[in-house]
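Below you'll find a set of structures to go through.
The following pair of complexes shares a single chain, subunit A, combined with subunit B in the former and subunit C in the latter.
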Partner chain A sequence: MHKRLLFAFSSILLLLLAVSCGGGGDKTTELPPGAAPAAGGGPAAPNATATVSGKIAFEGTPPPNEKVQMSSDPYCNMHAKDYPTLETVKVSDGGLENVIIYINNPPNATYPTPTSAVEINQENCHYSPHVFTMQTNQPLKIKNSDATLHNIHAFAEKNPQYNVGQPVKDMVNETKFPNEEMPLPVRCDVHKWMGAFIGVFHHPYHTVSKGGGSYELKLPAGKYEVVAWHEKYGKQTQMVEVMDNGKADLNFTFKADSKPTD
Partner chain B sequence: MELDKYVGKRNQYQKDIDAMMTDYNRLQARLSTLNPGLIVTSFRNAPVFDFMNPSEKIDQILLPNLFYDHPFKQIPRVDRCRTCHQGIDQKPYMDAPQPFRTHPNLDLYLGSGSPHPLESFGCTTCHAGLDRATSFQNAGHSPRSEEQRKEWEKKYGWHEDHFLETPMHPMNGIEAGCYKCHNASSDVPQAAALNNGRDLIRIYGCFGCHKLPGYENIRKVGPDLSTVSGKLTKEWVRKWLMNPKDFKSEARMPQFWWNSNNSGPQWDKRNAAEINAITEYLWSKSKPKELPAGRTGGNAEAGKQIIESVGCFGCHAIGPIQDVPNQSQTRRRHGFNLANQGSKVSASWIYNWVKDPAQVWPQTKMPSLRLTDDEAANVAAYLSSLKNPEWEAKPLPQVEEPALDEVTLEFLRANSTDIEAREKLKGMNLDQKNLYSGERLIARYGCFGCHTIPGFENAQPIGTELTEAGSKLISQLDFGFLPIEHSRHGWYEQKLKDPRIFDVGRVKRPEELLKMPNFHFADKDVNSITMVLTSLVREPVPLEMRDKTNTAIAEGRQLIAEKNCRGCHLIEGAGGDIRPTFSAQALWPPNLATEGFKTQPLWLHPFLKDPGTVRLRPWLTARMPTFHFTEQQAGTIERYFSAVDKVDYPFISTEIETDAERLRVGADLFAKLQCQSCHPTSNALPPGKAPEDLAPNLMLASQRLRPEWVLRWLQDPQKIFPGTRMPTFFPADAAHPEGVSPFPNILGGDVKAQIRAVRDHLFITVGGGRRSSLTTN
Partner chain C sequence: MSSVYEEGENVGLHRFALFTASCTVFLIFVGGLVTSTESGLSVPDWPTTYGWNMFTFPLSKWVGGIFYEHGHRLVASFVGFLTVILAIWTWLKEKRRWVRWLSASALAAVILQGVLGGLTVLFLLPAPISTLHACLAQTFFCLTISLALFTSPGWKRGLPVIKREAESISLQTLCAMTTGAIYLQLILGALMRHTNAGLAIPDFPLAFGRIIPPFTSDKVVIHFAHRMGAVIVAAMIVWTFSRIARFYSDYRLLYRPAMTMLVLVCIQLTLGALTVWTAKAVTPTTAHVATGALVLGTSLLLTLRAYGMVVVKVPANFRGAL
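Moving on to the complex of A and B:
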């Protein structure tokens, strides 16, 4: 009892003190410390001084590509004599072309968006190139070199829908894709055989295998998971580690009879 | 010079440090207000003084219109959840540790601009739980999994509260909270699992035995058994009844015999006798329908192609259904699975059925696909070639009279003494025993809940009413001897997984045993149905908070679900389950987004009534079936589409005000845009083209489409049907939100004027549509 009285008394004293000091805030509207929002942005992109290069080898007899039946558009029928088949499996010097090579674990950084445009052309009722890569928000120029209607239709799942008709020869449209998407298939709905694949990445570490299946990637020093993707044979992954200014060989092999892995 | 550079650098760094310190000082100041030190805090919270401004106090939301349903009394809700969940309605705390974390969907819940603002909905309205509680235990948190339960036991000393009648919905059953308000229509927006549960109830026919809100006046789910002897054999039915899943794993009829309370050697003979008695009863009452002799001898290979292409797969599948990423496949369970039909019915019966299902069974949900005689014979040949030899080879158990006597005696004893019953039994022959027992067994198991059975026309359903299943007192649920969670959620889950397991460990007479059959639901489906059951609560919700879905929309959704329109069509963004079975996008059934705004009522009505006469893409093998809609049903669908799009119905103007010059420009643009690359203007397949190259016939546009829809469509087709093959010719960019034309020299490149010219050409010149009297020339 005595203790309680004392407590009450001292409390009154303290109350005066507290009132004169202005009191505290109202806790119910406040939030716990340590629950602050995460900061955005990242460090600048590191210098890509190392080189990873190699060959996408192809084993076995390449399966014949599907023949294209172009009777639905007389223009294509007349002009596309040089492209009787699709480019699904394109092999030269034992190497597989049109393979997208990219890394899965780029350094955490903000990568500048290239201002130079990537181009795709619709020529003789085919897409050229058939496979290419670009960066998010990088401009993509779409040209129609044919005197027939094409529509370029990106079947995007992670990007906004894009489907534009190009009825005039040599007209050019420009677009960009804000989100990463790999692969982003492109088709022409007027000509069902016309297809292309785009790899859209937020970083610059990606390329497409050229003649002989060769490729070259410029990377900053580090350890990376390198992915090789082909429209028919799917994905393969390998690890590589490079030093500043270092070089590394990294070869992939796709087999004619292998099943798609992804 | 060199020095200046360093001085500059130093100043720069100093600035950075200052900037950081400003933040630091600001946060420090904030911290000292929040936590002014032990003395001040303990003083603020001290007894007597804590009335002023204690640092620890209850944060509550008063909800005078929402009630907590105590026995005999309803008390307004006072949600105190925010006392701990301080960051719940504030965006930046997405990654904060619980209980401070932000609600995962502020756009839909809690935000002042959301449809469910915190101040008027509170928390327990949706989540359930005890509104006034201020401790983890008393609030009624329910773990979502065994791991979470263990974690909570360790961390908070959590234990099941046997006295709390409204524990929270566990997070994996959270959608149960939606239904008490969103009960006006069959789809609850953004509640996929709950909607799946409601679909399952419709498919499996739970409402046949249990009264369930929203499922009144629906046809029984099983086939009519008053004509069964014309379709099946007794042997087939007896074998089927043993366990329908043995015949095909996708069978929807549940298993009544050899369940957890009637298995074992002592049951084998009795079960066989019961099944036999029921079959004999059905046959004695069955009057097979007179049907023409079906054509047989079709080509099975051709039949397979027909089934794969005309659209059967919108409602049916053959064998297991493969999962497809980002595409629901559940509506392909609407019709029964076509596997093993050859082991069930004859080719002749299938022929009659597919020719016109309604002539075999007038109440069937299956529409007519208008197959020719040849096509029907081919389909019959294919389906009757699908057999299950393993099942056919399985022996039928022998039926023994003593077992039947035992069953019959039990029923006889119900109304007479043991001696009288035995006397009566002696006077009965085998047939009489079978019919007598068969009838009573059908009454016991409630077979008439799903099937039309002669003699049971007015029988009442046998199951417990589930109208308020979500408010059923937990103390009224019999948990038996099972080591399961003593909650409503836990009980319903167990009941759905194995309905009769609660009998295990008990001694009961056969007539006292639990009767609910085993549906062998997958875990995901159990979860969905449990969610529906726990959603059926008694709590009154004020009128202004209830789902105010327009009746036209609610009725339309109901009919669309009943007819399974979404098996083929995308409607309100859901459906199109059949799509992955086609090889090309051009073969898909249409997306029905904006259908009300798109089509003219005068076109849609006759189309719904008889789709065979007006075909938009006659080159396709897939076709809109004939549903034999009544006028009222067709009207319900049309009103629904118009109501969804908020457009006029049924009187609209389709006249076009135009002039000769505009029509000339329109014709020029129509040619230049090469619309006919894909769109034919006749019903014939253009030379060189395949069905997958084409789009709808434009001849019909003026009769079918609303003129203002065409303007919107041509502007940006992706906005109306995302992913459509139709491109935009006028892509918009930041500088030209209305789009840029590929023809800058026509009509001054004015996109709107060009689109209008094309539309006018399409409607007047191509389609012969009506011109307004205001038209010049």
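Moving on to the complex of A and C:
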């Protein structure tokens, strides 16, 4: 009786040990397939010959960004001087950077999915870029350039959730997001200060403001609702109308003391 | 008084069960740390850790949130290992069949708990699985406390006989009701933690500056229910303590846990307030989880002892003779 019991308990122990064993740390994981098509079955995408450009101006004194404490990881701590604060509000030449600009009412068309990958890199315990846009089903390459572990965790609501570990330097994973999602926050749960935002659209009419808050959108002729979104200040919307090969200036202004909007 | 088994083995098994229960409190604290530091997904794979066997994961890589999540997995494995030994030991040496089955239940619970912990990581912390994981942790803790009590020499020698006149609500029923209320309150607490409703009402003792808050979301409802639960639990504990202090103060097996429970609930209420006032700072939030477990464990101990003590009901006019 006792031997049988011992055998049963030993089997449970062995099973637990076997389950807890794994291989090396160099796996690549992808989102499950079954992605929705990039766009509805409309006509071919029209030529984007018009240009809408402008500046995302910033009024007032930029609020101080939250300080970053990297001491929980000795590797990251070596780079703490490079990134003393978060990048929430980044202002240069009176312009707000890292603002996603996109249109709300793209022409009904089938937009081809780009085959070239968008890349996000984890470098010096910091996401680069901090904000970017991509199309649905466009490949996203996730790279770890650090000699420490990261997990990249997309807090998706309209796409499958995504959380993958990258324990090895120069490890690359690739994934796709099948559904539009704006914004799609990304975070490293190992290093709480690491955060990024992705705008995923089924069309190609989106961009992110650069230095000085400047941006440029290539659009087909038409009347559009243009949205500017910032992680702290939320959304602003304006209308614009452009002709083929035409140009239009469209500026947005975010104020330091304005309340965030949805 | 017949001994169930050899005295040495008896004490050894009891002490081992006590050690397992103590380690479980520590495990609950470490589990609380994982949630408080939002590190639950810092190790995205399970049962491996970044592809390594969890027991060979290099110490140098325990950085950031990994320290808490991986540490929790190792402490949990250790408690699981202790439970396996406890179950084997009990099955080999314990003559009471129901105690053997209780140890088997503890083993089943700890295995299920491990699987739930893994599933909650793999499914990215869905609230139902995470809440179930938290509740099963408390249930497992109760099982280890029960095993420690039932294997104690004092329990097997037999608890003192108490002579009391009949009460409308017996002490046993009152203690059981208190334990039940605490367990329900812990379920609400777990639900609040895992639905991220801890600051759904940002002020305390008022709620949005009012006594009854506007119920604008499910999170506010859950949070307010937890606060109301705290009032009920505190009242139940005061009632239980008052009963014991008044009629059973000579029985230290009852009085001590009752007093301990009263002190713990005061600490727990303070920690709950601090959790809100500090906007869920890691230390008070985690201590609130662990103290909650201790309140439950103490109440369970009191309840089991109350049931274990033979109460002889005597007529009221005999009271002076007792």
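Note that in this section the second predicted complex is superposed on the first by the 221 of 262 C-alpha atoms of A that agree within 3 Å, B and C clash if a C-alpha of one lies under 4 Å from a C-alpha of the other, contacts with A are read in each partner's own complex, and residues count from 1 in each chain.
We adopt the following convention: a contact is a pair of C-beta atoms (placed from the backbone, for glycine too) under 8 Å apart; a residue touches a chain by one contact, two chains touch by 3 or more.
Because the structure is predicted, anything quoted here is derived from the model rather than measured.
*Asks:* On the A-aligned overlay, A:G211 touches which partner chain: subunit B = first, subunit C = second, or both, or neither?
*Replies:* neither
*Asks:* Give one of first, second, both or neither to describe whether A:P260 is in contact with subunit B, with subunit C, with both, or with none.
*Replies:* neither
*Asks:* Which of the two partners, first being subunit B and second being subunit C, lies in contact with A:V190: first, second, both, or neither?
*Replies:* It touches subunit B and subunit C both.
*Asks:* Scan A:T148 for contacts with subunit B and subunit C and give back first, second, both or neither.
*Replies:* Touch status of A:T148: both partners.
*Asks:* Considering only the touch criterion stated at the top, classify A:N163 as touching first (subunit B), second (subunit C), both, or neither.
*Replies:* In the superposition, A:N163 touches subunit B and subunit C alike.
*Asks:* Look at A:M171 in the shared chain and tell me whether it touches subunit B only, subunit C only, both, or neither; answer first, second, both or neither.
*Replies:* first
*Asks:* In the superposed arrangement, does A:P84 touch subunit B (first), subunit C (second), both or neither?
*Replies:* After superposition on chain A, A:P84 lies in contact with neither partner.
*Asks:* Can you tell me whether subunit B or subunit C touches more residues on subunit A?
*Replies:* B
*Asks:* Overlap the subunit B and subunit C contact sets on subunit A and report the shared residues.
*Replies:* Residues 21, 23-27, 72-74, 148-149, 151, 153, 161, 163-165, 167, 189-190, 192, which sit in both footprints.
*Asks:* Could you please specify the touching residues of subunit A with respect to subunit B in the complex?
*Replies:* The touching residues are 7-8, 11, 14-15, 18, 21, 23-28, 30-38, 71-74, 148-149, 151-153, 155, 157, 161-168, 171, 173-175, 189-190, 192.
*Asks:* Show me the residue ranges of subunit C that touch subunit A in the complex, using the header's touch definition.
*Replies:* Contacts found on subunit C: 38-45, 47-48, 50-55, 61, 63-67, 77, 80, 84, 87-88, 91-92, 107, 111, 114, 124.
*Asks:* For the complex, give me every residue of subunit A touching subunit C.
*Replies:* 2, 5-6, 9, 12-13, 16, 19-27, 72-76, 148-149, 151, 153, 161, 163-165, 167, 188-192
*Asks:* Report the residues of subunit B in contact with subunit A in the complex, numbered from low to high.
*Replies:* Residue positions touching the partner: 31, 33-34, 36, 39-41, 43-44, 46, 48-49, 53-57, 59, 82-83, 86-87, 90, 92-97, 100, 326, 584-586, 672-674, 677-678, 688-690, 692-693, 717-718, 722-729, 731, 733, 742-743.
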